[in-house]
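Chain IDs A, B, C, D and E follow the sequence of writing; residue 1 opens each chain.
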């Protein structure tokens, strides 16, 4: 689904003003433009997709061209969590806690089949069948591992999604903000609760409000 | 490797009480004198198996089995496979970590995934699953949670 | 061209003078230089972040950011807008007030030090007679705020980072001060403007033997003061996650980032003032010369960042106490000898003393220096 | 002397800096959305079904070998049956769950009818997970000349084999 | 502070968890370190965060179905994982491998060794604090080798290229020229890498006499690979077992003496130079002929019909990280009864605590880096 162009300034007025050198924008565009062109990913890799993520940050594909090259080690300074690799049940609480620690306009790309749905290790007893059971995911990136260009394409899709966001309707400015996702505990045979009901309904993907 | 039979005679001559069986290329030792055999294998000048390459737990329908692969670095002797058997319910096998340090993590993994209790292990805890996990998942009768 | 900004300010004052009272004109002149610094500081910081990402990028055979704006020129603006709109997190256990105070307080010395930097001929904001002392005093206060930041964020990694920063600053403060003493001895005054005037006509201090050593010392300790590689232990990324600013998000982290880059600009400006002859230079206007010299030194700092691994804590302090400090003392002695004798002889004598000092220190530190090794192959 | 090794190292990085302006070997960046690397011929990403003339009759005969051999079991096939329920040699529905597939290429190897091949298309990022990444038959089917375009050598070999098979009268294939 | 009243000073140890998410634990590996100041008192590794149950999944999959999963064991060297698994199953089923396939396997294994050692050195420097530059140079070279893997097997990292009794498909056109250009240019890259790193005093100071591992402890702890040879034990499974056709190539096995982090780093550089020699000989002598035995081809075409006889086998190879072994028990059905992987990095971690006690926290990170672990293999 393409993201609707929601900026209140109609495009042809904007373009011919720009021809005369006057730069017209709304607060919403500036807010989106700032966030989309400096998405700082968290230095967080789980498995084989992490090596492909590092390859994307390296010389040949260079994610820094998109302004997303500063991999911040501490979750406090990151805005994008790329879940690159298999999320096991022993690691799931840490992943959710890290997502909670990130400051608010935050996004999540699930890179690779394992983090989307458990992938090739789906029927393993220690493998979580997809991280979107506990945290909201913005962009899903299939592949095992997806090519570095596919990750760049995923980042471009995320940037399009950020462009389409409107300040009033974004999730983190709604009243009754429930953005603190409960961290699952370890049970005798798996995680308790098996999924977070208000984030995940089995079989039906969560449509995050972009309009 | 000279030959398995010769090693077996050598073993019996050195330690009369040991009952060892040869089974398609492996030495099967009973579990209560496995520690002495281990010490002998490591210290004997003839063989000096100083390199324990791998410890594996295997779950058979009637028994649990720990399979050890031993090499000698000085004498460049090939793999000696030693099997030690125990029953499935209360699986007890003497740990060889005091003899070979490399068994420490592998025995913990065999305990974690198959439930073989290695007596005398310095720190026998689960290594791959979390502490509260109540089953031994690599056993054939384990049923995973379907969510 | 050289006096461009000075005449500009002068004409504004005259224009304001004919309809404003006397005290208002003085106030306006102060305001002009204050706003000049307040604009110049953050803008250099923004474009230094971009310069670093592009320069280190090119070292690593890749482009830096080049999709936001023409050559990525709008990238710092985008970073700024994003940082402003980030949520502001204060950890539960943290000391609320100190957590907020530290980033704000760390920017104050970084901005204050600009007052003493002589940007061009009579283009210095405040011509303090104790300019260098003012600079050294202020630049050592950043340690306190780094430690307050580390202590206030109640996080083990930042605690480690804070302790490391205190140890590092204490052991690098003394060689830094001692490396400036020879210049003060030769010039006879603390004021930065006097120092630059003393170096007029190509006799920059860096061209004297003791000046070269003093320059290297002052630059290295300056890099340590600013916590940049290879001395960036307080925010040792690969060991203690993000060092003292682990718990800082959004604009507070941006303030730390701004303080670090403004400090690195002021350090290079002061080093080029004291040793490279400030705004002295042929053909080009004065203020352009100072910018070229300090940007060159900043590029060297970024070059360090792109290449060198990090010291360990005890090696860091061993290097300061066992190598830099004695070298700084011997350097003062060499400068004294240079001052005492006549023209051709003093260069020779102080060069001998400096060379002697380097050899003595090299052989003194030889035992704990790492040695090269020879490797052999297995014989079958 | 202390410091020469460090200087030599810095010489290397500054050489790389200046070389990146001149030699191609020292600036290897391919600016992705504008410039693209040419895909290698044997590159395998996600499987797709091949049809010769019309999408209604793909080469696939719903023999279910690839579904059994697929290690992570991400292919589900339902065999088509005509009016009175006699099973036909055509899949009614052929689903591949792209969020599970591990691009291993085993389905292409074991398929006796050369009906499934690995595609070169990798720009598949989606927002939704269940309805966007579960590829049904209509999204999987691609014409044979797409296969010829992305993998010329394999396509010519397989076309020759199929052509040879249709020339000599098709022996009664025991199904 | 004399000795006795120092003891009355009650100091607390700091319990720090260098947790599953840490910039330089090479993935999800956790070390619970108890620190006294900066020195480490106790260090308990915690694993299992990437335990993907490879062995349980393999028990209800055909033998060939597990081949793509072996790529994901040590996801940096996928070809050598396939090699070890293929060798073990061939030993079990008694398949023989044609000449050309043996040479193809040697070329692929040695190319993977180059990739693994280059990446390790890049990540080791990253742990030391060099701001990503060595990692980017390492990845620049790795991309060239990955292009070759992709042109042959179809995927950059997950090659799934080996089959029981040979390989899946012959070389693609232009592959041998690619390997020849690698053989020519790689020594130049290694010289550049050594010039950047080997004599760097900071690196030598940070790596020498850190994480020392004695010969006896190494043998008794089952250490294998470059770590064992860096401690002075001349044990290389390519020479000892002489599996596949390694005894046709002459290459030397580098050994270290002290067994510290610097030795492990330098032994790997020398091993890379030996691998290039092996590659040169293999490319020269590779014969024409079938790339897979007919029995193997049939098994690959219909994995369900591939039923090895009842019995058990333990096959091992010299993977870049150490001795990678597969213990397979087959009960005659197309699915293995028991499938066990003997991973080198899992067992090389046994003595991490002994190497780190008494050193600083920065050394523990570097020692972990020099052990060269990949979590996909540690946790399986």
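Quick note on the criterion: contacts are C-beta pairs under 8 Å (C-beta built on N, C-alpha and C of every residue); 3 or more make two chains touch, one makes a residue touch a chain.
Please read all numbers here as calculations on a predicted model, not as lab measurements.
Under the contact definition, chain B and chain E share the contacting chains A. Touching chain A and chain B together: E. Using the mean of the Cα atoms as each chain's centre, the chain most removed from chain B is C.
Comparing mean CA positions across the assembly, the chain most remote from chain D is C.
Legend note: the chain whose CA centroid lies nearest the centroid of all displayed protein CA atoms is E. Chain C and chain D have Cα centroids separated by 55 Å.
We define each chain's centre as the mean of its Cα atoms; on that basis chain B and chain D are separated by 45 Å. Each chain gets one centre point, the mean of its Cα atoms, and the points for chain A and chain E are 32 Å apart.
Of all residues in chain C, those touching 2 or more other chains are 59-63, 237, 241, 306-308, 369, listed in ascending order. Among the residues of chain B, those in touch with two or more other chains are 128-130, 137.
Multi-chain contact residues of chain E, defined as those touching 2 or more other chains: 22-23, 48, 51, 53, 56, 68-69, 132-133, 136-137, 140, 143, 158, 196, 199-202, 204. Pairs of chains meeting the touch criterion are A-B, A-C, A-D, A-E, B-E, C-D, C-E, D-E. Within the complex formed with chain E, the residues of chain B that make contact are 24, 26, 50-54, 56, 58-59, 67, 69, 73, 76, 78-79, 81, 100-106, 109, 113, 126-130, 137-138. The touching residues of chain E, when paired with chain C in their complex, are 14, 16, 22-24, 35, 38, 125-133, 136-137, 140, 196, 199-206, 208, 229, 234, 236, 239, 252-257, 262-263, 266-267, 270, 360-363, 365. Chain A contributes residues 1, 59-62, 65, 113, 116-123, 130, 132, 137-144, 146-147, 149-150, 152-154, 156-157, 161, 203-205, 207-208 to its touches with chain D in the complex.
Those residues of chain C whose C-beta lies close enough to touch chain A in the complex are 53, 57, 60-68, 72, 74-75, 77-82, 84-89, 237, 241-242, 245-250, 253. Every residue of chain E that touches chain A in the complex is listed here, in rising order: 19-23, 27-28, 48-54, 56-57, 68-69, 72, 75-76, 132, 135-136, 139-140, 142-143, 156-158, 375-376.
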